[in-house]
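Read from first to last, the chains carry the letters A, B, C and D; within each, the first residue is number 1.
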Amino acid sequence: MQLGLVGLGRMGGPMAARLVKAGHDVVGTDTAPDAAAASRQAGVRVAGSIAALVDLLTPPRAVWVMVQAGAATEAVLDELAELLEPGDLVADGGNSDWRDATTRADRFGARGVQFVDVGVSGGRQGWRHGYGLTAGGAPDDVERLMPVLTSLAAPGAVARVGEHGAGHFVKAVHNAVEYGLLQAYAEGFAMLSARDGLDALTAMRVWQAGCSARSFLLEQTVEALSGDPALTGVGTAVADSGMGRWTAEEAIRLGVATPVLTAALHARFTSRDEQRRADRLLVAARGTIGGHETHV
Amino acid sequence: MQLGLVGLGRMGGPMAARLVKAGHDVVGTDTAPDAAAASRQAGVRVAGSIAALVDLLTPPRAVWVMVQAGAATEAVLDELAELLEPGDLVADGGNSDWRDATTRADRFGARGVQFVDVGVSGGRQGWRHGYGLTAGGAPDDVERLMPVLTSLAAPGAVARVGEHGAGHFVKAVHNAVEYGLLQAYAEGFAMLSARDGLDALTAMRVWQAGCSARSFLLEQTVEALSGDPALTGVGTAVADSGMGRWTAEEAIRLGVATPVLTAALHARFTSRDEQRRADRLLVAARGTIGGHETHV
Amino acid sequence: MQLGLVGLGRMGGPMAARLVKAGHDVVGTDTAPDAAAASRQAGVRVAGSIAALVDLLTPPRAVWVMVQAGAATEAVLDELAELLEPGDLVADGGNSDWRDATTRADRFGARGVQFVDVGVSGGRQGWRHGYGLTAGGAPDDVERLMPVLTSLAAPGAVARVGEHGAGHFVKAVHNAVEYGLLQAYAEGFAMLSARDGLDALTAMRVWQAGCSARSFLLEQTVEALSGDPALTGVGTAVADSGMGRWTAEEAIRLGVATPVLTAALHARFTSRDEQRRADRLLVAARGTIGGHETHV
Amino acid sequence: MQLGLVGLGRMGGPMAARLVKAGHDVVGTDTAPDAAAASRQAGVRVAGSIAALVDLLTPPRAVWVMVQAGAATEAVLDELAELLEPGDLVADGGNSDWRDATTRADRFGARGVQFVDVGVSGGRQGWRHGYGLTAGGAPDDVERLMPVLTSLAAPGAVARVGEHGAGHFVKAVHNAVEYGLLQAYAEGFAMLSARDGLDALTAMRVWQAGCSARSFLLEQTVEALSGDPALTGVGTAVADSGMGRWTAEEAIRLGVATPVLTAALHARFTSRDEQRRADRLLVAARGTIGGHETHV
């Protein structure tokens, strides 16, 4: 099918290439000349602007937005709202807050334009093996996108999961789960490393090769360790994205207990804490309380 | 090579069969007639007792113990200590506490018998695809076992990881990590289930088919859910094994922070808590403190 | 000084009585006849409506709102916004979300009316011993309220802590800390109760009488236990208020690690979880993974 | 009554003085000349050695050991076991592991000597206001010590809480609870500090003066902060004692969920973690997993 793709960067570029390879007619655009050039070489028809992209598409159009969540996505959606016509469809494949999807769907819906939110997982590997895709929106609209969704997805890795917002919600929960999984491996690694004479990397390789804890993330972890087993070449400040935070907030709103997912998120906060106020307060308080813990 | 195998049950039976299939001469024994019979059919030479098994083996012998950790393993090792001769070797493949391995190695070493501790992971699937094996002990002793270790292991899934106890230690940490991983999935499932109109099973299938969170454990989880998506056929009391607890204790002893692994363990304790004393105390205390939270 | 008080219920009633006793001229109103009658007996001038209350006050007026946070507070503030005049002042003493204070201050400010948010702690005991009060707003406005703030407060227990919203923010953090403190006692109680032959109540009485862990909350906890040491008369579902949740959300927004405060909140969620989806999933998954944890 | 006191240091010295002041005949000893001299001035009869102390006491003797838990206590108990006679009584007031109390009681019991374990809380302040004391052992033996226990204790702050070990167990749980309480305040302080324009110390002073979160530990915390509000003069490595760890281990052994107490302990481990292996692993793994979280 024909698809407009706004954003040909780290995620959008490989996705466009995968779609072209699968026989789709992809019209793309990107403000970065390099990204545009690379996609052109991969067989994407590149437009010089969003307006030009809309012109190049045959109505009823389908436009996939694959730019940074937040301001960048908002700006693209604003522009598309001006340009698209009744019967057109917009899919947001970025890591947007799912709570925005309903508003956006209403806004586009008022103009007769359909909106679908798609959670996209898979990273760099997705290009080769296919992505994991969860779509939210009206059944007919998701169905209309199915040809490109199927081409993008790894076998079996695509589904409509619910109404507007459900696609991004599932992706957000996925990322929160990912934090939990990675933190579990990281703590396991710390335990292995703390034992004298034990080579943590060797042990984790065995886990990945034949133990129950094997996974894609452990594979990546072992690969990361293999290049720098002492981890001297990396820092200690662990970044976190909006999706993990939104999930933690939603757990609070829903009253769902997520002790491990939330502990993993807070561990990342701690890793970036330079002021260490809580620790300092404890040291100071212990000093004042004084003798009471001295007979250990 | 020739191997004596004490224990032909849920773990030992399939392991014996895998070894026979790989061409090894396996002499086994088990107190359960059914287990013995099944292994005989699989090509294992079955002895009627541990003493008979020792007699059937050509010195220098190698005997693998694959019975329940704790009292059962202790009893078998006691018996072997009486029967084995200098030059023989004992491997403990059960989920024993790694802190026992040093004592056991010393005890056998005093009689000229070698001791190797092997952490074995893989469960029911290990029989077909191979196990994950981490061995602790003297390099020469582990090397001597390598033919059977290699036949048992999935490709690349075997290594000597350190001195006596290291093999079981790595398995213990592995299991603790597994608790963390499973808890992360369980909390993700709870979040997915809490959203109206979202089918959690469908979402988790996509995760497994193409998302970064895919893993052996998620595959098993999806399989479990597929048979009973509403989970009405299962209880709520989550068991835990010694290995997860020993790891949590060791983290405390070493002063290694493992917030997620430990939270996962405590979540299992909570799941089995029928008295709910902490919760009751909070309800009672809030009642006494009274009005102070009423203007919410 | 003269103060209008909207809300003479569980919190507002005793506060009004304390103010009258301190010599202030309190004009109050409440939709519940009982509350109004009780306050009248305590010396409060009771008005039949908010409009009547505003009429009874001499400009420039000061009106304190002490009703349930959320819709009730919003409705009272709406009505006051219509009735008050430039130079008047409104204080919100309820457990409102501090994030609403700025909007409210702007809205009243546009009409020349000042707004102060006051976090009020102390519950039933506050009436006798005084409350803890943290005020947010312009220094002059807080100063103007100081006569009533001082009369309400326990010695030393009143301060302006910052701009609009700061008063409610400090109260919210206070309540989140309170959850953490109570959870610590509850877990300590569970530990004491788990030991054979140990009387937990006796031990906690000693703590309160002379140990470092003594506190107002422990005093209340011991009182609650004294009446029902086996806690058979209470349920297990621990409620939580908006303030604890808002603090947990703000920790996420600010990226401040609060592992204990957040764990205490999630423990309350767990206490109210009747579906037990996460636990059920773990039980089901363990069943499928099967034998792998059986050699414990 | 007459009491022998081995250890006149930071804890034992003030306790001896308090006992003398209450009219008891205290015979003390300490290897440090300064400690001995200070106690002599306070009215303690100071012996030059444990043997001399035993000689000075009239049988049946009561000897209280107040030295560092672990090796120091063990050495004193060894010496006393040689010197004491049937009918004598030994009390261990140090922060000993409660799991040692049973063994010690048996050992002394075999010689006809009674053993009582006493958990002592109160620190520097205990000298003035009295300590909190929880005793474990036979009812008659605790009763025999009651005159000194009562003189040492704050009003109401003494009780026999169970058999051998119960006294130290209650103290251990107390200290674990204390970690939880302090961590809750520390996290609250971090939240208050993270808000622009808010003075955390002022807010915490109000909490202590009149809010539900007031406590001895908050009083100490506020005092610590008052001297150094920016906490520039203290480090970030928070120490922890054996008692908090033993409690966390026992929770695991008993299967009692203590998420907050354990999280507080692990937060201290994190505060002292200089290698940051878990954090580094996460940074490295995220780098390898690559693009997948970039579309935030």
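Worth a mention:
Criterion: a contact is a pair of C-beta atoms (placed from the backbone, for glycine too) under 8 Å apart; a residue touches a chain by one contact, two chains touch by 3 or more.
Given the structure is predicted, the values throughout are model-derived calculations rather than measurements.
Centroid analysis (C-alpha atoms only) places A farthest from chain D. Same-residue interface: chain A and chain B share over half of the residue numbers found at their contact.
Remark: chain B and chain D have CA centroids separated by 38 Å (rounded to whole angstrom). Note on chain placement: the centre of chain C and the centre of chain D lie 34 Å apart, centres being C-alpha means. In chain B, the residues that reach two or more other chains under the touch definition are 121-123, 126, 183, 185, 187, 190, 212, 217, 251, 256-259, 263, 266-267, 270, 278, 289, 292.
Chain contacts in this assembly form a complete graph, since each chain touches every other chain.
Interface residues of chain B facing chain D in the complex, by the touch rule stated above, are 212, 240, 245, 248-249, 251-253, 255-259, 262-263, 265-267, 269-270, 272-273, 278, 289, 292. On the chain C side of its complex with chain D, the touching residues are 121-123, 126, 129-134, 153-159, 161-163, 166, 169-170, 173-174, 176-178, 180-181, 183-185, 187-188, 190-192, 194-195, 197-199, 202-203, 205-207, 209-218, 247, 250-251, 254, 256-261, 263-264, 266-267.
Here chain D touches chain A in the complex through residues 10-11, 66-70, 94-95, 120-124, 126, 175, 182-183, 185-187, 189-190, 193, 217, 220-221, 223-225, 228, 231, 234-239, 241-243, 259, 263, 267-268, 270-271, 275-296, going by the rule given at the top.
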